[in-house]
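Order of writing sets the labels: A, B and C. Residues in every chain begin at 1.
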């Protein structure tokens, strides 16, 4: 067989393993709950889960919680993106400031900031404000750090070339610094978005009165297993969609660099 | 320029001094804000937090909860390393396994695990088991990815030259692949520790009827920002120390690594 | 050579670092040179002899420790985008813009009004043979084409003086040969004054009206050789006796300086003259 044919064969084989794995998982799940007597308190029947999911989608019950979560996410990200880029840019303007502040930011970010959630709840209450504040705090760091890296390390030859052609400060920023830094900043924003989403769902799970995270907890406490699984699948799907969109935006912004 | 100003300037020229100064300035700001501007129900000045640290430890059950949490972190990390190593090697060394299972692993890594936190608690209970399990579930992925990467990016010329000198498969594994993989392994462990910290602490905060979560809920509901911050500060210190240990180990064992 | 002086370099020397600094280096030593309008002069010499430093001083990117440079009668104190354009060795094309946008941007910086830009951009792209690649991104082009684009950008600024710092240094031998021939053709059509830094003896002999040979560090001009051959120079000039004689002369002048440099610094990168 030709090398190309062999490669195709190999690819097919691994794809079949993946498919088989997925199918086996679902089959096992089904058998476990129907034939092998695994308690439905632990694992709901997958058919029931699908039915519950359909019910949730049809009735539109998810809308209220989805709106809360997305609003919190939107506001938190708006805050962290603007402040992160602004502060990151201001810091990047001087090497001294970078050396002082960048390790500080990196050090703070290495601690799981979700730890401070109870303080935010104490200060802002159980409502959306505490989730937004925490989400903004956590996602600020990757954005600021990447902005510092982006602006702080623009290749000198571009600056020299532009200056030699007579570029003013404003022109230098607009036509050289910003486009050069953009790929790294976009990556930082993607990371910030992902981390904001996770922290908001997390804080809704731990201490909240509304939102998708809270909904799952509520169902867990009521032992409504099938519906809870349905909501988990829904949230995972939403996260997947949002992350795909954000990654696509990042890739689009990074074309030709 | 006065001599005081010049001395001050030369001191500030060193970044680490400026950094310490920035942190001190932050604490001063916090102190002022907490004392004069904000209702003491919501914010407590650092001076009071520091002095009440003893009171936090005197609260019944807190030292035990802290000890258990620390133990959970250790166990979860150890398990993550072992499982991550085994799975990482199994997948990384076998090209077919890698092609088949890596996408599945990546898929699992990408899902927001925090959504199934309530499930973990339902399955494993409100004791240490669920916290450890959730921690492991966060910690294994970076380690697996790092080991797979470390095994994958060996320059083929190294393997070829070893084989050309007559090395058996086991010898290649032991003398070429293993040493090459060590820096990646330690980098993975550093990220794994971050994951374990996240997983264990998330689970602890979620369970409000026992462990750390009980006390954070208690202090919050009683509007006791002093003890709440004291407790969180201790946990943050724990996280920083553990992170630092792993980071130093990584630096120590990666000294030969050129990249 | 007769003709009015476009660039007057008077007693320029430059050192890097403070006198007390351990890394103090006298890069350029008391260099004087008058560059005639419309000529192409090559600066050639061993590594570290200060030829790139001199170029940067002439272009206003570096203030010399002593001495002055006058361009068209004006003293140089900073970049002069209306009189001087650069082509760097390193790729200084902005990777996020197309070739056309890159050329356009140079004129934006210089202050050319919008109305005139497109025509000038098209002209300069045609002059370097890239008119079909205007919408490509630098990442999609070969090294040689990228340097053509950089040249087009410099040409579109319509300055009287072009400073080129080893522009073909990162390219392979064959591309260099083609670009050198094309540059000679271009030269015959314009009256630009070009200062061209190179390591390659053959390139210097083929392109230059005069070649200024630098001594080892601290560099100064050791000797100036004239090449009396009109532009555009035909490819068969390279095989002529005149060419060989000049090239050999350059080799003789340079060889000792290069050995001196290697002995002092242990640096061999780019030290041996290319054939």
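Simple rule for what comes next: a contact is a pair of C-beta atoms (placed from the backbone, for glycine too) under 8 Å apart; a residue touches a chain by one contact, two chains touch by 3 or more.
None of the values given here were measured: they were computed from a predicted structure.
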item	value
Path length in steps (a step moves to a chain that is touched) from chain B to chain C	2
Nearest-to-centre chain - CA centroid comparison	A
Pair sharing more residue contacts (C-beta pairs) when A-B is set against A-C	A-B
Far-end chain from chain C, centres as C-alpha averages	B
Chain B and chain C, separation of their C-alpha mean positions in angstrom	54
Gap in Å, rounded to a whole number, between the CA centres of chain B and chain A	19
Chain centre separation in whole Å, for chain C relative to chain A (CA means)	50
In the complex, chain A residues that touch chain B	10-11, 13-14, 17-18, 21, 42, 96, 99-101, 103-104, 110-112, 114-119, 121-123, 197-198, 201-202, 205-207, 213, 216-217, 220-221, 228, 232, 235-236, 239-240, 243
Chain B residues touching chain A - in the complex, by the definition given at the top	15, 18-19, 22-23, 42-43, 96, 99-101, 103-104, 110-112, 114-119, 121-123, 194, 197-198, 201-202, 205-206, 216-217, 219-220, 223, 225, 228-229, 232, 235-236, 239-240, 243
Of chain A, residues touching chain C in the complex	157-158, 160-168, 171, 175-176, 179-180, 182, 256-257
Chain A-facing residues of chain C, complex	59-61, 79, 81-82, 84-86, 88, 90-92, 94-97, 105-106, 108-111, 137, 139, 153, 157
